[in-house]
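The two complexes that follow have chain A in common; it is paired with chain B in the first and with chain C in the second.
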Partner chain A sequence: MITCALLAATLSAPQAISPAPVSVHVAAGFPWTGIAVEKSFASNFSATLEAETALGRRWESRLQLNKDWPIRTSWRLRSGLGTGWVYQSPSVPRQGVQVVARVEASYQSTYSPFVTLDYRYLIGLRELAIQSATGDRTEWVTNPYVSILGQVGVRRAISSSLELDLRMIFGEIDEVFAIPGALLGLRWSQR
Partner chain B sequence: MIRITLAFFGLIPMPLLGCSSPSGIVYGDQVLAGIDMHLHTGEWDKIPPSTQNYLAERFPFPLNLNPEPLAEDTLSAQGVVDQLDNAGLEKGVVFAVYAPHSVGIATNAEVMELLDAKPDRLWGLASLRVDQWNTEAENQLNNLREALNHPRMIGIKLAHAHMHIRFDDPQYDSIYALAGELEKPVYLHTGPSPFNGTLADPPYTNPIYLEESIKRFPQTTFILGHMGFDFLNKAEGNLEECLALGKRYPNVFFEPSALGSGASDPDGTLYTKVLRRTKEEGLIDRMIYGSDGPQFPGFLADYATRTRDAMKAAEYTADEAQAVFKTNFERVFGLNP
Partner chain C sequence: MKRTLCLLLFALASCLDAEPTAEVRILGEVRSNQTGPIELWLMHRSYGEGILKTQLAIIGTLILDQPGPIDWQILVPSDAGEGLTLYAWQDHNDDGAHCLPGTDIESAKTLVLAPATNFTINTTIDLEPSCDGPSWSTSSTP
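== the complex of A and B ==
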């Protein structure tokens, strides 16, 4: 699929990068479903507010700042840094603050292939109930969890303001192997 | 979908690791037959939450978010047999467990259901409750005797650290006496356990405290599970005490389950040491293979591979490896074909 997209990309005329002032992206698949709202600013900066869930049992939300780095006409590199909250229940409980670093490379064309790499560092918070001779008390302890996720996919504009994307997700969540996932997404951009 | 997932993950280790085949375990230029004497079953709802959490953390994402269906499937008769097939093992032994303080309960009746569902592949070890021993001892012993009447119930499972009973408490001698009378070996968990709700003090974990009972019941076979491994500190624990008891008493045997897993011994160093020390003491004929599975899909195959690799590192001959993987079990349990 990616090879086909790359081939189509080489046969298509390059398109200029023109970020929309505001865009909304919704995606659904296995295991993730999510929504992201993006607001562009000057100098290739943008901010993204994201919320996603895996099977309704792990919830992640974050605010991310992005910087686009146009490379020649058609290539774009995007870097992002964000932070948010994770909540997961009930079988493997997790909650805490997560920091995310993201890098994405994409080729702008009729079929736009892209690759994204996420490094997510979760500072897990856990409440401990301690029974001792001096009485009962609770303590909060932290545990770090690292998630590394790679995404490969392709985007295709279907109108001046709508774009479809299909992506596969690989990697680890909280240092546990993640079964590869797939997502179908739709982006609406203000024009 | 669960079945597909199980097959997907269960089959991964085979071609990658090259250890097991549907008909055995590849050891050098030989293919060994294998029996796994330590398997578990049960119902997810009967496992305490902390242990559910411990188990779920071992499942891949996102199956760990909803582990119950996968766990129930893996712990079923077909699930256990699928895992045996995947590991290239002929047969397995499923344990009943009465450990309400820690890992929960898998009743004798539940185990017997599995044995009846797969009579050509599974045996069982029966167990009993000890938490109201002062008033319930006779009933519990009668129930145990009845469970052991099942033709495929071949022994007794005890876990002193989980059941909160001391190895040196003579009030439980009646269990060892029954085992000897019925010629059913007793499997005992030894060493500190990683599960919440278990007791880690030496009288509950160090098998040296069992010595007087071993002496008092020479007709009873004692199998020291996990060989005293310290799962809390990931260390050899009471290995030397186990070997010393084996040297002193002919009715003492060992089982090296779980201690060589990826979580307990990532590089295989400890497992190799355990096997090497057993060989140095001339006690290979006392060791019986077990994994402590199924835990998660693919665990049985992975553990068989790790065992094979540790045996090679400890310079076991193919005959010695075969003894551990199968023939010692058949001899001890009187199941010679």
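== the complex of A and C ==
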């Protein structure tokens, strides 16, 4: 009963930071560079439009719907579900539709640490121009690829509308170990 | 802003060109005086360009239950990779591995395939006792 009461109190606690109506986040580093535009709605929902690239060789864009789950006054859990397009060339050509599930936990303080986990499922699309003994034809084939990426970082507000963040990113891209990366980001929030 | 975002989405949704491939049929026989399943690897002899160039890139694999005839239809990329090599190894003891340490020598063979004629390659591969993996330097042809 005590646990239930604590849980109820936790879930009904006020949110520490009210979300900005619109925010823009740019990040640059190795190998990823990206931009994200976020629009907040009522009931802790938000939509994010993201575009990112790894050294100009892999490009990902996605539209994601997020839901914030405030926990106590300082903790925030965010879940997100999105879909987008992946394009990669030239050394390992790849393209297709990607579905992304994201979970992020963060602690609101002067230096706000956060951890993010992405599960990305890519439906790789390949167009084959086939020459055969019976003639030429074209076929589309699909190949599934799973990427699991973790991010660990820290955010620091530098003004009422600007926030810096530093993050490490690591995991697998298309089921292959990816060299860990680091990013420096800046978020502008409409106030 | 809406217009900019839409343009960005479309810009990223570009498509790759179609990959030219050839539907090749490999006909022939795998011979061995031992029993056990046989795994066939069809490979490009070389693949890629510049510093990414590599030898023996696998195109596809096929498992036969036992020595016997091959009738394998496979799509071979036409614009990436040169030459075709066929590697076969036999799992005598059915342990799923080739020449696991502590086990007897099993059979294997690497064969450089002749270019396809009318999308067909005829070959015969005679397995020999060997624990070797695929060999790039092999010069044997059917």
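By definition in this document, the second predicted complex is superposed on the first by the 176 of 191 C-alpha atoms of A that agree within 3 Å, B and C clash if a C-alpha of one lies under 4 Å from a C-alpha of the other, contacts with A are read in each partner's own complex, and residues count from 1 in each chain.
Operating definition for what follows: a residue touches a chain if its C-beta (ideal position, glycine included) is under 8 Å from a C-beta of that chain, and two chains touch if they have at least 3 such contacts.
Quantities reported herein were computed from a predicted structural model and do not represent experimental measurements.
Peer 1: Assess the superposed three-chain arrangement around chain A: do chain B and chain C clash, or do they fit?
Peer 2: With chain A aligned, chain B runs into chain C, so clash.
Peer 1: Does the superposition put A:42 against chain B (first), chain C (second), both, or neither?
Peer 2: neither
Peer 1: Of the partners chain B and chain C, which touch A:57 in the superposed model: first, second, both, neither?
Peer 2: First partner only.
Peer 1: With the two structures laid over each other on chain A, which partner does A:131 touch: chain B (first), chain C (second), both, or neither?
Peer 2: second
Peer 1: In the overlay, answer first, second, both or neither for which of chain B and chain C A:176 touches.
Peer 2: first
Peer 1: Can A:85 be said to touch chain B (first), chain C (second), both, or neither?
Peer 2: So A:85 only meets chain C here.
Peer 1: Of chain B and chain C, which one touches more residues of chain A?
Peer 2: Greater contact footprint in residues on chain A: C.
Peer 1: By the touch definition at the top of the document, which applies to A:93: first (chain B), second (chain C), both, or neither?
Peer 2: It touches chain B and chain C both.
Peer 1: Looking at the overlay, what does A:31 touch: chain B (first), chain C (second), both, or neither?
Peer 2: first
Peer 1: Return the residues of chain A at which the contacts from chain B and from chain C coincide.
Peer 2: 91, 93.
Peer 1: Mind listing the chain A positions that touch chain C in their complex?
Peer 2: Against chain C, chain A makes touches at 37, 49, 51, 59-61, 63, 85, 87, 89, 91, 93-95, 126-133, 138.
Peer 1: Given the complex with chain B, which residues does chain A contribute to the contact?
Peer 2: Residues in contact with chain B: 31, 54-55, 57-58, 88, 91-93, 172-174, 176-179.
Peer 1: What residues of chain C sit close enough to touch chain A in their complex?
Peer 2: Chain C reaches chain A through residues 1, 5, 8-9, 12-23, 25, 48, 52, 75, 78, 118-120.
Peer 1: Which of the residues in chain B come into contact with chain A in the complex?
Peer 2: 5, 52-53, 56-57, 59-68
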